[in-house]
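These notes concern the structure reproduced below.
Chain naming follows the written order as A, B, C, D, E and F, and within any one chain the residues start at number 1.
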Amino acid sequence: MDSLIEWLVSASVIIGGVFALVGSIGLARLPDFYTRLHGPTKATTLGVGGTIVASLLFFSWQERGLQLHEVLITLFLFITAPVSAHMLAKAAMHRQLKRMKGTRGEPWKQ
Amino acid sequence: MKLMYRVLPYPSLSLILWFAWMLLSGFTAGHAVLGAILAVLLPLGTRPFWPNVPRIRNLPRLLGFVMVVLYDIVVANVSVAIKVLGPLRSIRPGFVELPLELEDDFAIALLASTISLTPGTVSADVSPDRRTLLVHGLDVDDAAALVAEIKQRYERPLKEIFEC
Amino acid sequence: MNHWIIAPVLIPALAGMLLLLEVRERHRLRRITGLLSCAAMLATALFLGDQAWGGEITVYALGNWQAPFGIVLVLDKFSALMLLLTAVLAFPALLYACCGDDRRGANFHALFQFQLMGVNGAFLTGDLFNLFVFFEVLLIASYGLALHGRGPERVKAGLHYVVLNLVGSALFLIALGLIYGTTGTLNMADFAVKAQALTGTDATLLRIAVLMLWVVFGLKAALFPLYFWLPAAYAGATAAVAALFAIMTKVGFYAMVRVYALAFADGPFAGLGQSALWWLALVTLALACIGVLGAKRLGTLVSYLVVMSVGTLVAALAFGQLEALGPALYYLLHSTLICGGLFLLTDLIARGRGEVADDLQIGPAILNGGRLSVLFFAAAIAVVGLPPLSGFVGKVALLRSVPDPAYWVLLLVAGLCGLIALSRAGSTLFWRTTGEGSGLRPARRHLVAVLWLLVLSPLMTVYAEPLLQLTTAVADQLRDPDLYLFAVLGGDA
Amino acid sequence: MELLVAIIIGVLVASGVYLCLRARTFPVVMGLTLLSYGVNVFLFAMGGLKMNQVAVVGMSPDPTDPLPQALVLTAIVIGFAMTAFLVVLALRSQGELHNDHVDGKPDDGGRS
Amino acid sequence: MLETALSIALALITLAWVLNLYRLIIGPSLPDRVLALDTMYINSIALIVVYGIQVDSKLYFEAAMLIALIGFVSTVAVAKYVTRGDIIE
Amino acid sequence: MNLAFVVMLPFLGAFLPPLVERVTGNRTLLACGAAALPALALALLFDPARKVFAGETLHSTLTWIPSLDLSLAFRLDGLALLFALLVLGIGLLVILYARYYLSAKEKAGRFYAYLLLFMGAMLGVVTSDNLLLLVVFWELTSLSSFLLIGFWGHQTGARKGARMAMTVTGMGGLALLAGVLLIGDVVGSFSLTEVLASGDLIRGSELYPLILCLVLLGAFTKSAQFPFHFWLPHAMAAPTPVSAYLHSATMVKAGVFLLARLYPALAGTDLWFEIVTLAGMATLLWGAAVALFQHDLKGLLAYSTISHLGLITLLFGLNSQLAAVAAVFHIINHATFKASLFMAAGIIDHETGTRDMRRINGLWKYMPYTAVLAMVASAAMAGVPLLNGFLSKEMFFTETLQSEQLGAMSWLLPLGATLGGVFSVAYSARFIHDVFFNGEPINLPKYPPHEPPRYMKVPVEILVALCVAVGVFPAITVAGLLAVAATATLGGELPEYHLAIWHGFNLPLVMSFIALFGGIFVYSQRRRLFDLWARLPELDAKLVFEGRIQQLGRLASAITGRLQNGSLQSYVAWGVTLVAVILLTQMWHLPALSLDVGMLPMDGVAVLCTAMLVAAAFLTTILHRHRMTSIMSLSVVGLMVSLLFVRFSAPDLALTQLSVEVVTMLLLMLAMYFLPVRTKVESSSVRVVRDVLLALVVGAGVAVMAFLVMTGDTTTISQFFMDNSKSGGGGTNVVNVILVDFRGFDTFGEITVLGIAAMGIYALLKDLNLASAKYDSLGRPWAKDAHPLVLVTISRPLLPLALLIAVYIFLRGHNLPGGGFVAGLITSVALVLQYVASGVGWVHSRMPGDYHPVVALGVLLAGLTGVGSWVFGYPFLTSSFTYVSLPVIGKFELATAMLFDTGVFLTVVGSTLLMLANLGKLSLLDDKREEA
């Protein structure tokens, strides 16, 4: 395997893993629901994105031709993940979950 | 032309479907035909389910918009990652109300999605009158600046893409 | 190519699907569809019975994949007999339901057909996993049927029935997994052959698997301590459904006999679980006696009679292995049909009494109860095992072939308990009355359905000899598993 | 790996059995679901474990046993059908008996 | 190098999972738990993709795609349950 | 043949009276019609009777069930003839008598039908030449007597009396059946002829005591021997013709008939003597004594019947041939006088409206003719000379004196006999004096009484005339019949005896005198005795029996209630316990677990994932009371299981599991709207410990077995599938080819299950009334936004995308992971998402809402694909495939399996939507109810 490709794949995979972890750290660590809601976005975007890029590169290299179908995963995820986040935010506002001290603005009444 | 609209009510969707099919199945002649058939049939079959979807009127603008969003995602990811891993006391989250200029539901939904996709902001709600979008920011220094940035970077292109 | 073997599965399946396709609720059409299907099944069963009677075991390789790789249907005398019994029972049950019970909930006719599909499939299949699938078909349909109609009691009983059987299904899968994991096959014949060669750990695992199978079949057959669900579920079900359910316990018994005859009558695993089955069956019999005595509703009483018949049958199987099977099968035919008839009759009585229904307490007199009382008297005689009806023949045959004191005492005591309970029930229902009932009069179709089933008892008495010879021939064929193995596996067996 | 899978099976089955013995319809549904997970994995494991040896002709040198997989597929579908039925039956029972006890006992601990 | 990188990535994602499960356990609110579950789903996409690279097989791609396509429906259902009780109305 | 016909005649005739009754209301015609049958039977017996008197034994055999050695074999010997004559003759008289006894309101047709049934059964008992057949008829007498005794079923007494009679005699019948089966075992045949010839064999068998006890249990219950006598008085609730019939010549005589019939086979041992004599003596004394104290006319006769049956039994028990002859003789005599007495009692009852002897007095004045008849019959019963009762009683006394089997205690027998005689005279005296004299009647319901209709007396006259005729001219009236009957009973030579009125002054005569005067003396002391009797605690057999039965019922209810306690938890626990027992008893056969076997290497990720799965499973279990949390962790388990499938080379399973997960979550959320979100702690800690133990045993057992199988090596049939998948099934994804081809029949069943489940769910949901929660779990009103804009807008274009993926997954299924099932689930999820986002109304305005036809089409398509192979002469579901080449597109495969898979797809879509959409619609009902 070409070392450049290998290097790129490795880097992407690691980036993906790191961002997935960072997102989850955020989820575990952040103080209120609304801030925690921001964590998974990282997993959704760069976390999965990194691994997808790695996969694209890897299989395109392996099969000696462009392999792009992994892009669909990202496409679907980009369509669906915001809906989840939106619905969860609404759920949280409905439940009037506690906000972190110093949060500006008000959530809307549902 | 009328016939064309009857067969292909949403050409852009058909294009996306065909492209998705090719991505999945591989770029062969057989699949091109099959993909084309599906790209025609599926929108026709599901047409009643999505009335009033606006047409894409400015394709290059769309591509530009996608690039901007992708770039923003990468940048925001890094900055948010630093905030998440850093001391939590310095974070100043907030709910920001974003007055909407977009009038089309689909465009609003796209805007909301885009906001949610970029780390650091989540669109939390749309007002019943579709005039305001509630955004939760992970670290809002200046609400007005955030609103302005969103409007400039996302809302305006969307308006251009769909509404001219 | 003889495709008739699969007809008992496909006819009800097709009828069920057609019934689903009828979007508008055209009851007449639905009834005709259902009854036609049952009639066709009866005709097919007779034809297949005739075919099986030639003595040859016919094998139908689905998808043209030979055993043990594909699924096969096997028609031997045993399966033919059970198919016929099902068809004979199903027609009057459906006829009875067609008097109005079918309209007390949705999808009755389709569920009824699918239930038959499941039962017939279970009788025909020669593959263990396919047996599981057909068990599930008949179970899911039976869940729907058990809950057909309304009422809290029915729902409660239905819930118990469903949950227990779901646990049973899980157990079934574990057993099947172990069987595949140890013998590497799912075909019954192949399993029977491969099982003989197992030793060591695999043998123990297989033993556990088979004991678990007994538990699963025991749950379906309603053996102690797995029968507790039955009285409430059967007594609570709509009459036609309860009547059809009379065959359900026998499916469990069938499966038990089938597996037993193939793999455990002989060889290193001979008599696996036999003594446990024996004791459980005796306890079942004893508790059924107690249940019959303590029943406060006629429906419950009849349900316990069903349990009683299960205890009687399984004990006979466990005692004599396949020696006593001939008489036991005669008894099986008798008890299934009569219990079915009794469930229908119970409903007619309950209708006639109005509010008090089938509660065994003083109630209004049944309008024109004479005919019903005659039917009840006859059915009671038959089911208790008093002469001159089929119960007596069956009981004498069983007593002669299972010469064990415990069995004798229990079987005779069971007869006495049935006698005490049914005479009390009958005298309460027909004699101990206050005023005229405002209940409903039975329709002609109701009576035809009941008569269909009850008349079989005297017929079974008159033709007891040919029938006994028939069931003995079934047992004889089962006693020689090589016939089956050769038919299914060909020269490899 | 076999050890891990065995542990998984054991835990799933044990949890499932425990929940099946509870008094409300809801835990029973949960229990049966867990039990069927356990049973499915058990059935699956009966073919032995193999990593990255998918049973596709020409893709794996030493393919895994496909038959248990087919059986598990059937079992999953049937299990789903049964779970769905049970859930709706639980609703029916709630509707007719006005509580969610498996024996339809009246109680005061309904909706909070 | 790739082997190591893949192993590290797998470890990172698994660790992420552990944190998700931690959030799911401690909650405290139902939306928190759903969020944790949703994140687990998304992380498993990454996991499957990385595993696919590791074993050099594309046969697992569809599983990842399926999660991306319909995994969110669970989250939506729960969220709607929380806000409206009635998810189909 | 002729004989069988005679026996069957009453049975055939039983259908006649109800028919006649329907045609004509003429009761005389009805009675004559009914009487014609016994009359005809008697006529038919004339010729056979001549042969029997000539010493022949007639046989007639029809085969019935040879494999049970049960044939319709009849024999007519002296004993059978005697009984046949009694049964038919007295039956004839009873029918005539009943014509006047039954009131116009009564259903006489039914009555005669029962009577004829009974007659046939009795005739069968006495003429059977096959012991099993005898048992058949024996039980038939119990059944038909149940109908007769319960003829007035609206009366409590009749119901209870009938049931008591049937229960007791039925029990005896079962014992008899057992006994007969054992005899058959010993002798090797049920043929009476053979059994009677094998007496020594039976008596020598070690089963003899058991056989004897069982047979005697049958006989004693039937003929009301102590301690089974209690049912008989209560059978008096029957109409009097029934009592006259059952308790003189038939029912109760069946018991003593059995003793006579099996005398050669069973009698002659000490055991026989001890049991039979003792029972007879006790019955004789007890019945005679109690009879005196009855105030009910029929009660007195009932106890006297018991007493006389005791006498007959006692005679059979003596093991003496002469005693047996005397027994047979007394059977005849008792039948005649007791039948006439019952009829007389019936007349009195009929004319006065009561049977209470304390009210009935001085009837001599009102009905002298009936009084004469009754008095003669009573005298016969008392054993007054010149009447038939005297002769047999004299023989009885003689025999008790002859017996020496009790050794030094032999005097007990004549003493008992005399004592019995004393009471017999006393109650007979009471019957005469208390009824016909003793002052004026008191407060009769019908007053004044008068003679009954002419023809009602005829049967009594005939019987009384027989009593006298036999009593005066025994030699020319009864001797011949007695001789043949006794010969048949003894089964050999007849002993020396002669029937005469005068035997000279001897001890028996003295005993007779003692009985006569003693009896009169006892009767004269009646007031004192009645007082004494009244002070004894009352023991009403009916109450006791009924109490016992009810106690039994209650006990049974209690035991049943304990086991079948309506608790699902306990039912499941029973089942699980059974499994645990199996595991515990079998596990120790397994080798010690060793981890030192070939295993795939573990890695950190796997260990961590396993730990998480375990944690999630525990969480689901522990937090099951916090339902939403439990659901969340269950989802984690599901996800982990899917990944397990990914890890171990089962992508098809992973796809399926993942999509099922989503649908299940939708289902659960739909359901949770109507279910409580929390439950209290309910299980006691003992229960929890028990359940944990059960769960641990089963879980551990299954885990160990799984480990053993996984690490073992079994050769399976699956290589065949790998080899033939491409060539025979046309696909490379072996799992899919198994599903749609090798084991397509399973899949066919599986989609049927899914379809049925959906239908069943639809049926369950139909007009289900469920109150939904008006507030959320925190008590707040629900959010207002039912269809959030973002959700609505995004989910709509997702539909074609999802369908595209479904098509993709579907098409590749045959060769790569995927297939109709997963495709179907994706489609359903995409569609359900539309419901969730936009609502039922919105979706149904765009799409038909009934999914039944979709399910049906799916299964039908799969089925028809299977049937299609018939056209080519292949079995159901035989697949075929071909490769087609088209320009541009290139080569592709067409397979019937695709069609089959389309069926699967449609079924899945239809079923899941049928389930979920209808579940979703549930709340609409509730909303509508709110509005209404």
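Everything that follows uses one rule, which is that a contact is a pair of C-beta atoms (placed from the backbone, for glycine too) under 8 Å apart; a residue touches a chain by one contact, two chains touch by 3 or more.
Values in this document were obtained by computation on a predicted structure and should not be read as measured data.
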Any chain touching subunit B and subunit C at once appears in the list F
Farthest chain from subunit E, comparing Cα centres?
F
Subunit A-subunit F separation of Cα centroids, rounded to whole Å:
70
Where subunit C and subunit F are represented by their mean Cα positions, the distance between them in whole Å
17
Between subunit D and subunit E, the Cα-mean centres are separated in Å by 21
With chain centres taken as the means of their Cα atoms, state the distance from subunit B to subunit F in Å.
75
Please set out, as single numbers or ranges, the residues of subunit E touching at least two other chains.
10-11, 17, 30, 34, 36, 59, 65, 69, 71, 76, 78, 80, 82-83
Junction residues of subunit C, two or more chains touched
129, 133, 136, 140, 143, 147, 156, 159-160, 163, 167, 174, 177-178, 180-181, 186
When you check subunit D against every other chain, which residues touch at least two of them?
20, 25, 28, 38, 40, 42, 45-47, 51-52, 54, 56, 59, 67, 71, 74, 78, 81-82, 85, 89-90, 92, 102-103
Okay, what are all the chain pairs that touch?
A-B, A-E, A-F, B-F, C-D, C-F, D-E, D-F, E-F
Can you list the subunit A residues touching subunit F in their complex?
76, 79-80, 82-83, 86-87, 90, 94-96, 110
Footprint of subunit B on subunit A - complex, ascending
19, 22-23, 25-26, 29-32, 34-35, 37-39, 41-42, 44-46, 49, 68-69, 71-72, 75, 78-79, 81-83, 85-86, 89-90, 93, 99-100, 102-108, 110
Subunit B residues touching subunit F - in the complex, by the definition given at the top
13, 16-17, 20-21, 24-25, 28-30, 33-34, 38, 42-43, 45-46, 48-50, 53, 105-106, 108-109, 112-113, 123, 125-126, 128, 130
Under the touch definition given earlier, write down the residues of subunit E that touch subunit A in their complex.
1-2, 4-6, 8-13, 15-17, 19-20, 22-23, 29-32, 34-36, 38-39, 42-43, 45-46, 49-50, 52-53, 56, 58, 61, 64-65, 68-69, 71-72, 75-76, 78-80, 82-83
Which stretch or stretches of subunit F touch subunit E in the complex?
604-605, 608-609, 612, 615-616, 619, 628-629, 632-633, 635-636, 639, 642-643, 646-647, 651, 654-655, 658-659, 661-662, 665-666, 669-670, 672-673, 772-773, 776, 782-783, 785-786, 791, 798, 801-802, 805, 809, 816-818, 822, 826, 829-830, 832-833, 835-837, 839-840, 916-917, 919-921, 923-924
